[in-house]
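Chain nomenclature is as follows: A, B, C, D, E and F, assigned in order of appearance, with residue numbering initiated at 1 for each chain independently.
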Amino acid sequence: MSAYDLPLEELRAFRPPLRLPDGFDDFWQRTLDELAQHPADVRRTPEPAGLTTVDVDDVRFAGWGGDEVAAWLLRPAGATGPLPCVVEFVGYSGGRGLPWERLLWSSAGYAHLVVDTRGQGWAWTTGVTADPGHDGGPAAPGMLTRGLHDPHEHYYRRLYADAVRAVEVARSLPEVDPDAVVAHGISQGGGVALAVAGLVPGLLGVMADVPFLCAFRRAVDLTDAEPYAEVVRWLASHRDDVERAFLTLDHVDAVHLASRASAPALVSVALRDEVCPPSTVFAAYNHYGGDRADEVDKQVRVWWGNGHEGGGGHQQREQLAWLAGRVAAR
Amino acid sequence: MSAYDLPLEELRAFRPPLRLPDGFDDFWQRTLDELAQHPADVRRTPEPAGLTTVDVDDVRFAGWGGDEVAAWLLRPAGATGPLPCVVEFVGYSGGRGLPWERLLWSSAGYAHLVVDTRGQGWAWTTGVTADPGHDGGPAAPGMLTRGLHDPHEHYYRRLYADAVRAVEVARSLPEVDPDAVVAHGISQGGGVALAVAGLVPGLLGVMADVPFLCAFRRAVDLTDAEPYAEVVRWLASHRDDVERAFLTLDHVDAVHLASRASAPALVSVALRDEVCPPSTVFAAYNHYGGDRADEVDKQVRVWWGNGHEGGGGHQQREQLAWLAGRVAAR
Amino acid sequence: MSAYDLPLEELRAFRPPLRLPDGFDDFWQRTLDELAQHPADVRRTPEPAGLTTVDVDDVRFAGWGGDEVAAWLLRPAGATGPLPCVVEFVGYSGGRGLPWERLLWSSAGYAHLVVDTRGQGWAWTTGVTADPGHDGGPAAPGMLTRGLHDPHEHYYRRLYADAVRAVEVARSLPEVDPDAVVAHGISQGGGVALAVAGLVPGLLGVMADVPFLCAFRRAVDLTDAEPYAEVVRWLASHRDDVERAFLTLDHVDAVHLASRASAPALVSVALRDEVCPPSTVFAAYNHYGGDRADEVDKQVRVWWGNGHEGGGGHQQREQLAWLAGRVAAR
Amino acid sequence: MSAYDLPLEELRAFRPPLRLPDGFDDFWQRTLDELAQHPADVRRTPEPAGLTTVDVDDVRFAGWGGDEVAAWLLRPAGATGPLPCVVEFVGYSGGRGLPWERLLWSSAGYAHLVVDTRGQGWAWTTGVTADPGHDGGPAAPGMLTRGLHDPHEHYYRRLYADAVRAVEVARSLPEVDPDAVVAHGISQGGGVALAVAGLVPGLLGVMADVPFLCAFRRAVDLTDAEPYAEVVRWLASHRDDVERAFLTLDHVDAVHLASRASAPALVSVALRDEVCPPSTVFAAYNHYGGDRADEVDKQVRVWWGNGHEGGGGHQQREQLAWLAGRVAAR
Amino acid sequence: MSAYDLPLEELRAFRPPLRLPDGFDDFWQRTLDELAQHPADVRRTPEPAGLTTVDVDDVRFAGWGGDEVAAWLLRPAGATGPLPCVVEFVGYSGGRGLPWERLLWSSAGYAHLVVDTRGQGWAWTTGVTADPGHDGGPAAPGMLTRGLHDPHEHYYRRLYADAVRAVEVARSLPEVDPDAVVAHGISQGGGVALAVAGLVPGLLGVMADVPFLCAFRRAVDLTDAEPYAEVVRWLASHRDDVERAFLTLDHVDAVHLASRASAPALVSVALRDEVCPPSTVFAAYNHYGGDRADEVDKQVRVWWGNGHEGGGGHQQREQLAWLAGRVAAR
Amino acid sequence: MSAYDLPLEELRAFRPPLRLPDGFDDFWQRTLDELAQHPADVRRTPEPAGLTTVDVDDVRFAGWGGDEVAAWLLRPAGATGPLPCVVEFVGYSGGRGLPWERLLWSSAGYAHLVVDTRGQGWAWTTGVTADPGHDGGPAAPGMLTRGLHDPHEHYYRRLYADAVRAVEVARSLPEVDPDAVVAHGISQGGGVALAVAGLVPGLLGVMADVPFLCAFRRAVDLTDAEPYAEVVRWLASHRDDVERAFLTLDHVDAVHLASRASAPALVSVALRDEVCPPSTVFAAYNHYGGDRADEVDKQVRVWWGNGHEGGGGHQQREQLAWLAGRVAAR
């Protein structure tokens, strides 16, 4: 994939007009209110993972609609805390996987909550969490078109609510310092982290890598790649539903939620990312903080030669340093 | 796609051992019993389709679990019947579409019930029927892995039940001669038609073209093409579930249900079909009729140079003649 | 295919300068004169198609150079007319096919003449009409480079003449109202319909979907897809012939012929059409009517999420309504 | 392309039954008789090619049906002969090209007649020779399906006749020793050379590299690659014509004509050739010489790691030596 | 990739004849002798990796020819040992990467030496180790054809020697129990691990996943995938060198070295692995142990639905258990 | 590949700012000085090529670092000269090949020195020249990343030095007129020819076709094609090295060296060249001659419909005429 999007200097300045639907903030407030009606109901079970430096628990809690959501809690063996905590949301098609697949944050001294993704987990990492909230209506394979006709029914409303709940759960854990919780994720996980930043106050930080779920209207015109292509595939046969579908997507667009965020943020973007076009990431980054976008404590790390793999271990190096700095600065 | 499967002479003789799971017939009897607990609840509304030679109704009825299933009823304008009726099931990813997209059978003097496919209809033809019976558990995009852990939860159990119900609905219509109902479909629709033939007695005939859903264990080893590939994709990350998954698929394998069928059948197969490998179709065809497979009135039409598009209009020519013969012979 | 062409607002205004070759109108007048020297010599034979609501005739007539051209005539069973008539030209690589493959217009009460395409019919639908007018000169596989060195020898001159003749034939049929003939087609058929609109006065209407054969000079720079790619492939080895080739193509460019048209028109375009780039379709649409382009009764239907499949059954819905309106308004 | 065909030891023994159609030898005798009715009518013009060591003439002669066929004659500058002569037929889609594109044989001291291919020359090398003998009947793009319904109308009947005539023309040139003419070609040119060997007595030799046009019935089942795929593409829509098509192809199958050959032969084959599968080449090689196949002076050079590019310059090294030996041995 | 190789039951029995070149064991003994002439010269530097549960050192030592080879040593923070140690070799194109990219084995209580790969590290994980031993002779891009003309010059001779040295280095570390060293790797790393098992006595075990470098002669005929395809690409132009090349590869074939191994082994294989065909892995597995192949303590884990990604985290689960068992059993 | 780069009128004017690194001219002067320390040490051996009109010698000489470089010398049989001489550099992945593969220039009366490419020759034409100057450091497969960290170590520094030496060698040959030497090549060979033009005074001319190695910073953003993609692939994992890498490439950018050239030049460019984007070629062409770019005797031949195959035999026709003119004009 050659450098197909805007040149870097234009990307840095790219802040397209928001298309906030009417009642956007009310929609999300009602969503949080509805979520609050289901108590978190946290259950945890030690998981015999065969590790010696890290302890693992299988954590279950009630997400959107009271549906059970699974997570792994990893932390340094024997740690009593309270520790700062990284709450991680995973990329599209993946689930929480197996506990030894994500050892970075616990090995670096943090509590780490890896949150499963409802209905996903069919590739690279497995998942166990169902999406019973889906009404079963016709949808193109994948998640983006589940409930595309109505923001209240859309899949990402449910997933963002699960993510908000996951932060609440993390804050409730005895090992975790509730004032030191960081939302983190790559791709879909990065989009969810941005959304969480717009919905949950008081986060220590947000680390969003090559985030998906940003600037849908632009993304579908820039790339044919999955998963944005699901939207186009659906609308290719449901030809009468184009505007209604984008109105729904406007409600769950991470650019819009990022404009409500205020926590410190470290974002990464890759200039040859054909899955999440760089200008959609910059749209989110540049709007991050909304009216105070120029004052918010935020940074973006640009990876010149990468596609959607982004910064990989090099971005982790940045994050280890950035996060250590945030913790130290408290 | 070159001729990658067995040579034609071997295909004609190909009858691999059945792998009927324990309690196979009971499983389906219980399924039919459970279906019977929901009355069909047929509703029909004239559809203003802008046609003059064909009348169209939008038909809705209760399928598996009482879920609403949509269909189109087409028949020659003004016909009072009773007419022989073609009940058609549609191919993977499609739905019942728009009424003027399938004018063949009504133009040939038949009643024609085009049955929607629950949860599908995202490509080439649209659909409106939901699959609320899905428990929302993690599944690879597509339908084959919905409920792969348990035959009772598997998607095709629900779909076959809808199809059985559709035949019942057709038989109940005043325009239709209940003794002259034919099950028909292409690809997924062909697999469903074979399944219906194994579940419903007294059909006038079955016309199954390049059927999908046959000989899963073999198909996934012969082709990488969608949709069989959904099974492999799922099992690639759910590595512990291989045997359980195939045990489920054995329950919905159209080869197994075809071995319980007895109605006259016209099957078609394409020798370069990379989606539904010819040997999987011949497995169904050769087992069709079970113990009496050699006595059943059945034919197979082989298309030498075709892939999954099969015989197209040429196969329709065969079907018009074959079906006219069946009607005349009554 | 992402949205690779101009944005929609620019497409709507896109009217590039015409490049009418010297003597363009004379060229076509001489072509029509030459066509007139061969009488139409219509022969028709009832075709036993196995249908009850539609009657079918195999129609043969003399096209360009007196070459025999085949067509199907379909109309409501027993209709005596005079009926309005849809004359349909088919897409690239296809032929008139089998009569039951196109039942829409006769089922909607129209006479329907499906015209074969000389020398084509090698894919999806078969054909039986030869192109003996071809001098056999070296040509890249396909039709676009047949006679590329001279507009008099170019394939599309012959094909457009056949199409003009087909309209004459339709008007001569007893079932057809000669004042109510509509030219229609998809892709190549749409380009031919536009050309016919520029060559034949008095049409009731033109329905051209995702038309091919428009704005060759632009198309070959915008897309690599077949069949426009035939031109590039040929010129890649015939490197000295570039200008001469485009001069020939200017003679058969449907944009140029559309600028001579005046009949009411319903055009469709798909924004992700990689075969017929949307700006080439808008070039034709915006020039349609020539000096009176802003006064002509025309509409364009834009399909947002579609490639070259265009509007499919949804576009047919538009056409059924539009055409009923045209007929009613007479 | 991995080694997808038979193992080498089986290839060496691979001699599938011939499927000579009834009247095969008569068919070709009548073809030669008909060819003889048109005098060769050779015209030659010096071509100013800008070379100093090689002289070039543009040669034109009457081929099948009296159609003009073009060729280049190259020979060492100032040579008066009589020289042994390589008559070369070119690969599919190519033409005789430009004279300086094929300098090998004249630089090695031979006369070299490069024969154009009727109707081809659209890629890599240009051509100027038309195929007016084509009746214009519907055909898939390419040459294989021109006249597929009747061996008398098939394209390769005309091309083989041109090739026979080219040998006659070479023998008539004053610079050429008529007893020292070699038929040569790569791919299509190799198939034509084998055919010529079966039709023309008294050749000094045949050099056929990775020959096309061999064992059609097998080739279309082994490879999807062009140009064999043209046959399948055509028969995919002309579904009723399969047997008739193969009967036609049996008439022009180079395996069958090779079984009538007796001249010394040097054949090459590549084990990863996806265009001309190695077993189709071995079928021709092993049948070469027919009843006396085991006595004929022939060799095959096997290239282990090559696809259809074959032996390239290395095969030329073999040919330079082999041909020098044949000349010396006279 | 469908299941293109032998059926599983045949794979389990697949033990093709070894093609040990003359002097095979001498060749490797001389290689080890030559290696021994360069002292290991181990240097280690603490690496500030930002982790708290794991300590990291940057280790450098002299490999083949005295060339500097880099590695990471990871172990539980503060561990004094002696610990069992996993020596890991990495997959093709990768290098040792960044230390926090491989935390599994140290988190499970082992010392873990991640060894860089000379001249590699251009993808997914970076590397810093040069291959100055390369004579710079023409080679296809990649490593397989470096020195293909002579086993003494071949790249994998150097790499295997580095690997043997890495085991020696591990055994010399104060934290490591020299009797409890395990060779491990995936793909290329798995092939190297098998080779090490054939060259180094006294290992506690070998864990080789979807190993590359096995049964070259078979692999290049079964798959077109990289990196085996490098061999074919090279030989496609170096047509005279086929036998010499394979004679070289026979010297470094991991099947041959595995036949000299005796340590307990856990191998994994994926049935849809298009990079390392399953039969090449089974060839190594079934020959592992040589004359005592049926007595050696070895297991193979078969992954049914996977390609070259193999068992992933599921295989790690197997390895954690297997290795814990080996350690406990001492 | 559609016309993806700038429109032709913009290409003709495209002269982006040079990015000459500090000390650029010194860098190359020192390189030439260092080259001069190794005497050319020319050895020649008659090669028995089997040709009669052309004589061939295998020539060996000392290139950069004194490394042996191979070449073929071809000239009209028996020529004593002094002849004008074409020194040809070959395209990426190729080597000097076999002598009979390049007969054009000797057949046209020139001496012709075909120079091998160090370390290449793995495809289409073989090579025998090593690149021992490579330090073996990690590099992506291919040549572009060898020594990317330092211009002194970069592969193309060595190759350009070989090329300068080849011109010196040609001038020293008794058959060659030292004042009539032309540098020539296609693709990589064209880039080398441009570089030679910037490094060697007094050339009779330069013929550079579709040159590679021009405007690296732009090329990697315009195309994903090999070999430019090697740079991106490397930097995708070596994420910290982007600027250093481009600083190295600036030293060997043929645009920069072309700005130091003054010999008459004939350049060709293809508008659909996806390997060497047309704007990168025009950047070199428009800067050719540097401050005197508008006065230098230069021409560019634009091929409209071609990809990287460029003008082929048609461009040779241009070159034969252009070069004859240059020789005549002396």
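Operating definition for what follows: contacts are C-beta pairs under 8 Å (C-beta built on N, C-alpha and C of every residue); 3 or more make two chains touch, one makes a residue touch a chain.
The shown structure was predicted, so the numbers you read here are calculated from the model rather than taken from an experiment.
Between subunit B and subunit E, the least number of touching-chain steps is 1.
Taken together, subunit C and subunit F share the touching chains A, D. For the pair subunit B and subunit F, the distance between C-alpha centroids works out to 63 Å.
One inter-chain figure worth recording: subunit A and subunit F are separated by 50 Å, centre to centre, where each centre is the mean of the chain's CA atoms.
Between the Cα centres of subunit A and subunit E there is a gap of 37 Å. Of all residues in subunit C, those that touch two or more other chains are 124-125, 233-234, 236-237, 309, 312, 314. Screening every pair of chains for touch gives A-B, A-C, A-E, A-F, B-C, B-D, B-E, C-D, C-F, D-E, D-F, E-F.
Of all residues in subunit E, only 50-54, 76-77, 97-98, 100-101, 103-104, 106-109, 124-125, 309, 312-314, 316-317, 320-321, 324 touch subunit A in the complex they form.
Contacts from subunit E toward subunit B in the complex involve residues 1-3, 272, 303-307, 309, 311-312, 314.
Residues 67, 95, 118-142, 145, 233-234, 236-238 of subunit B are the ones that touch subunit A when the two sit in their complex. Contact residues on subunit B toward subunit E in their complex (touch as defined above): 220-224, 231-237, 239-240, 242.
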